[in-house]
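Below you'll find the structures, each written out as structure tokens.
You will see two complexes here that share subunit A, one where it goes with subunit B and one where it goes with subunit C.
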Partner chain A sequence: MRARSRDALRALAPIILALLLGGVILAALGRDPILFYTRVLNRTVFNASGLQEVAVLMAPLLLIAASLIVCFRAGLWNLGTDGQFLLAAVFVSAYGPALVVALPYWVAICALMLLAAGVAAAWAALPALLRAWHGVNEIISTLMMSFLAFSLSAFLVKTYFGDPENTVPQTLVLPVEDRLPRIAESLVHVGVVFAVLAVLVVHLVMTRTAFGLRLRIVGHNPRAAEHVGLHVPRLTLAVFGISAALAGLGGAIEILGVRGVVRADWHPGFGLLVVPLVFLARFHGVAVIGFVAFFAVLTIGGESAARRADLPNHFLLVMMAMILGILALVDHLAARAKERG
Partner chain B sequence: MDTLLTTAFMTAFIAGTIAATLPLLLAGLGEQMSEKAGVLNLGLEGMMLVGAFAGFAVALESGSFTLGFLAGIAGGMAVAALMVLACVVLPLNQIVIGIGITLGMQGATSLAHHVMYSESYPRLPRQPEFAVPLLSEIPVLGASLFTQNPVVWLSFALVAVMAWLYRATNIGLNLSAAGEKPAALDLAGVGITLTRSAAVLTTGALAGLAGAYMANIGAGLFVPFMTNGAGFMAIVLAMLARGRPGWVLGGALLVGVATSLTTALQVAGLNIPTDLVQMLPFIMIMIVLTIFGRRAGLPAALGHPYLRGAR
Partner chain C sequence: MRLSGITKRFPGVVANDDVTVELFPGEVHALLGENGAGKSTLIGMLAGVQRPDAGTISVRGEAVAITSPREAIRLGIGTVYQHATLVPNMTVAENLMLGQSWWRPMRRDAMLARLAEISVLLGVQTDPDAVAGTLSLGQQQQIEIMKALWRGERVLVLDEPTSMLTPQGVREFGEVVMRLRDAGLAIVFVTHKLNEVLEFGDRVSILKLGRLVGHIAPERLRAMTPGDATAQIIDMMFGREPKPNDIGLRRATPPDGAVALTVEGLCTAPEARQQGLSDIGFALRVGEVFGIAGVDGNGQKQLAEALAGQLRASAGRVLLGGQDVTVLGVAGRQRLGLRYLTDDRLGEGTVGAYSVGLNLVLKQVGEAPFWRRGLTDEAAIQAHAESMITRYDIRTPSAETPIARLSGGNIQKALFGREMSNGPRVVIYNKPTYGLDLANIRLSRQRIREAADAGVAGLLISTELDELLELCDRIGVMYRGRLVGIVENGPDAGPRIGQLMVAGSA
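Moving on to the complex of A and B:
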């Protein structure tokens, strides 16, 4: 139990320190830090609709977190979740409006989720094969596929998947009544529950099953994994497939739950923002929910607080960076303390 | 085809190619050096942004492009010093720190831009150029090809200098050793911290210069997030080049040509979807990876901090 509370302290210390440092910067810019943080909380935690917005924003972030946990634990750096997410979202918003009319509602939703997972996994296939067969560094190939996906998505939205009736290049809009049902009259749709469950399932699979153990062995030491008879290339393909599929589901949830449409210039870039959160949670599926919630509060609350303090909301990026730096430092100090006993 | 060969088309095409190529070339050469020495620097984008902001601010205040470029270099190096402190002096995770630096500098530069320029949006005047005698007088292409800012000439010269540095000097050997087998370099009595720090600081200087070029020459102003992924492109080019500066140049030109092809083709009146043209460089990189990518040839100790005595 003591070890667990120490872990919690190690995870929270960077956040607290970064909030303090952020306060110093705010003060240096002549803004009142306490007022700023109060506004962040008033807009989110102490506000019913704000809290619901936080939950809604968390859904895609959590699915991307689940995606990253799978590959990071297996020692593979899938930095292409942004492309996988976006391309899946584009396909879902292209076929969604027609499918919900043609099929019974939940059959259509399931088909769209499968489509999203399939598109995303297919997009990751080339980096996965290159990695598994030729050992080609996946950081390069997944980043490249991500850039490719941005352009391809824009092209598809402007041409084949575009709404010809609309002057703005965008897909057909999924009618509001066909979006994922909301829970108890709130803004929160069932996709949020799905996302939370997905992270938890991923966590259990990675930590409590033989399959998860195999992946972690590959992650720790691929040579040792081969030595104990694991088929590393096949596991590599599986990891990429699962990881990309989860990112794709994130895209589907964002479209089916909230947006209902993709504009040609939309790419939210959630992936790169979630990477640090997953590190902060030390690849732990339960902890990552907390960090994603924190990030969502900071994003939504910070946006409004920054606007009211006449600051660009990119101020939050500085805060994220400080959290990361302090996290890495705390990690290092803790490891050294442990070494010395 | 006649339209493709007009002076207007070629001038726009060449100017666009150089503007897109140069930041990638400089930042890519920088990243290559720190990767060679074993430091994966994902903070490159952040270093470019700070270079762009510092370069722009100083050029605007002083009216001197030279001072602007120097400020860009200094800005990039200041950010690189953070990376040195965290990932060379201290053995912190390079991926976390790199992403942190990029995010932080995106925020910091847009904050600084907001405080200083968000009301006036100042622009720089056109910058001085240097025409190569004789060559620039060649009809049709001469003027657009051989009249460039001095930084352009310096950057192309840098490719040769780097190639010589890696192939023929002790410094190059030390850098490779720091990336491949730091323990061996340590045994030989050369400081790993010193070698890697110098490499990362050089990366920062080149990335800062790249950013300053983007802001002062390419755009003539600073816009938040203006590097727009160029830093990540440069990282990829450096990884693909496997330690060869000439390949960074080739890759940067490939991307530069594809980027400016879009605008130039529109000038020529051909209507190819820009999104498809933008995919060209990435498709080419994926093809290169597929055909030549077997065992990427990255330094063995890339991404690993060096701890003396650790196994």
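Moving on to the complex of A and C:
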């Protein structure tokens, strides 16, 4: 129990310290830090529609978090979730409008989700195979695949998947009434529930099942994995497949639930934003929900608070950077304290 | 210079145990020992890379703390490592000047003067503007020695310096060492090659499993003939001849037992820095302990891994009780009862951060009764752990303790228990007593004997002759990836095996 509260403190300390430091910077810039943070909260937590916006923003982030937890726990660093997410989103928005007309609604939705998962997994196949059979560093290869995915997406949207009627290069728009149903007249669509469930299922699979344990053994000690008889290359392929598929589902949810369309210049870059949150949560599926919520509050609330305090939007990036810097510092100090006993 | 009572522990093993070594100017001190004997750790402490847990290092009677490589250099201790540390695309001069202070750079004429000085000392010619990567390995090593001596010459540590040299290079290198010795340097020469000790060493210390097991002072070494010296050093390295009552301890295996494991023409491809196997063949009977002797690094580990399925065979067959298992992977062979007790307990045997309980079932992930329909049954794992902890006397605070926190002996007990559960038929014991204390060594040997009595065939890989002579029915000797001979255990087995180990032929 004491160990658990110490872990919680270690996870929260960077955030608290960064908020305090952010307050000092705000004060130095002549803004009232308390007013700033109050505005952040008033815009989000203490505001019904703001809270719903936060939940909606969380959906794709949570699916990416689930994707990252699977691969990080297995010691594989899939940093290509941005590309997998975007490419899946492009295919869903290209085939969505036609499919919802051709098929019964929920069959069409399921087909689109499968399509998204499949496209994303296929995009991850190359780095996965290179990693599994030739030991090629997946950090570099997945990142590079992301850049290719951005270009390929733009190309597809401008050519085969483009809406010829529109002067702006974008796909056909999924009509609002065909998007994912909303819960109780709010902004929150069912995709949010799906995303939360996905993170929880991933967490349970990773911690409570034989399959999850196999992946974790590979992550903790690949040589032990081989010694105890696990087929490491096969597990590596499975990890990439699952991880990419989850990222792809994130893309599908974002299109089906909120956007309904992909413009050629759209790439939200959620994947790399979620990486630090997953690290803050130490790959824990329940904790990551909290950190993603915090991030969503800071994004939505911070945007309006920064505007009202006459600060550039980039102030939020400064906050995020401070959290990461302090996270690294806290980890370093904790490791050193441990070393000295 | 004197290192006294040096002890250094790493998780699970004692790398140096109360080692005392003295260095004198004008003398080459050969430090002999097999891989893992603790040589590198010991010189790491001279170089300031490691710090001792206990013991003191003193220079001219004054205790010093070598806290960093910089401090070692300040004390005049230069180290030449086994692997090249020169920057290949920089010139000799640039390489030598690396690591100087940026605020007081050395002037070129001063550098050239120093280079000339050292070149005279070594008795070699050097072109300061040659690019390091274009020089021969022998020349590169001379530059490494110059670098080590650049800021003062008192003690020179050479870590396996001849491993990458040609015979010609070794001869030239020997001349350099002799010249430096005559100039009054104290030289530490680390090696696992016996002939080099006799060739270069004035004083010999022998390390084995972290302990200093032998020391020959210069007067004595000079008085001995090379043959005598060799015999005595082999004695110290591999243990003495077993006394008659030790042989009485040996088990008697019924000679007509069924064959448990057959290995035919097994080969593996050589890899970088790793011996391949060629044409290994033997048969192992039920209840027998078959020993594999040999100086470390002659393919023993590859043999163990090839049999366990971790290393792919390029040719040959492995049959388990008549069934061909060559195409099976690690898991398949395990299920049929072929077990591998690895010598690398923390590196591959366990996941250090996981609990003792989880490590005990690590080879059964997904199997009943610990997993049901893929879901972990924590209670079953816990109950299994508790019964194993009692049965194998694993000393641990609890079943939940991360296994890396246990001592080497207790980790070994846990691994032994793991391999022995679920119907073992053939067990490969790879250096099962390596890094353990005496009580655990005795216990491990007892366990191997009991397993054999219960009908489990054992393949015992060991670098310790007395262990093999104590436990085995027959002993095969490995030399450069080949099985060069199989010796029936008996009164004259020791010397015959020793001969095969060092020379590769009888």
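Simple rule for what comes next: the second predicted complex is superposed on the first by the 334 of 341 C-alpha atoms of A that agree within 3 Å, B and C clash if a C-alpha of one lies under 4 Å from a C-alpha of the other, contacts with A are read in each partner's own complex, and residues count from 1 in each chain.
Going forward, a residue touches a chain if its C-beta (ideal position, glycine included) is under 8 Å from a C-beta of that chain, and two chains touch if they have at least 3 such contacts.
Because the structure is predicted, anything quoted here is derived from the model rather than measured.
*Asks:* What is the contact status of A:144 with respect to subunit B (first) and subunit C (second): first, second, both, or neither?
*Replies:* first
*Asks:* With both structures superposed, pick whichever of subunit B and subunit C touches the larger number of subunit A residues.
*Replies:* Ranking subunit B and subunit C by residues of subunit A touched puts B first.
*Asks:* Does subunit B (first) or subunit C (second) touch A:130, or do both, or does neither?
*Replies:* In the superposition, A:130 touches subunit B alone.
*Asks:* Would you sort A:221 into first (subunit B), second (subunit C), both or neither based on which partner it touches?
*Replies:* After superposing on A, A:221 lies in contact with subunit C but is clear of subunit B.
*Asks:* Please work out whether A:208 is in contact with subunit B alone, subunit C alone, both, or neither, and reply first, second, both or neither.
*Replies:* In the superposition, A:208 touches subunit C alone.
*Asks:* Applying the touch criterion given at the start, work out whether A:231 contacts subunit B, subunit C, both or neither, answering first, second, both or neither.
*Replies:* Second partner only, subunit C.
*Asks:* Applying the document's definition of touch, where does A:276 land relative to subunit B and subunit C: first, second, both, or neither?
*Replies:* A:276 sits against subunit B, while subunit C stays out of touch.
*Asks:* Between subunit B (first) and subunit C (second), which does A:328 come into contact with in this model arrangement: first, second, both, or neither?
*Replies:* Touch partner of A:328: subunit B, not subunit C.
*Asks:* Take the contacts of subunit A with subunit B and those with subunit C, and give the residues found in both.
*Replies:* None.
*Asks:* Give the list of subunit C residues in touch with subunit A in this complex.
*Replies:* 308-310, 329-332, 334, 340, 342, 344, 347-354, 358, 362-363, 365-366, 371, 374-376
*Asks:* Can you check the complex and tell me which residues of subunit A touch subunit B?
*Replies:* Its residues touching subunit B are 29, 77, 126, 130, 134-137, 139-141, 143-145, 147-148, 151-152, 154-155, 158-159, 272-273, 275-276, 279, 311-312, 314-325, 327-329, 331-332.
*Asks:* Give the list of subunit B residues in touch with subunit A in this complex.
*Replies:* Subunit B residues touching subunit A: 86, 90-93, 95-97, 99-101, 103-108, 110-111, 113-115, 118, 224, 229, 232-233, 235-236, 239-240, 273, 275-276, 278-279, 282-283, 285-286, 289-290, 293-296, 298.
*Asks:* Give the list of subunit A residues in touch with subunit C in this complex.
*Replies:* Residues in contact with subunit C: 208-211, 213-214, 217, 220-221, 223-224, 226-231.
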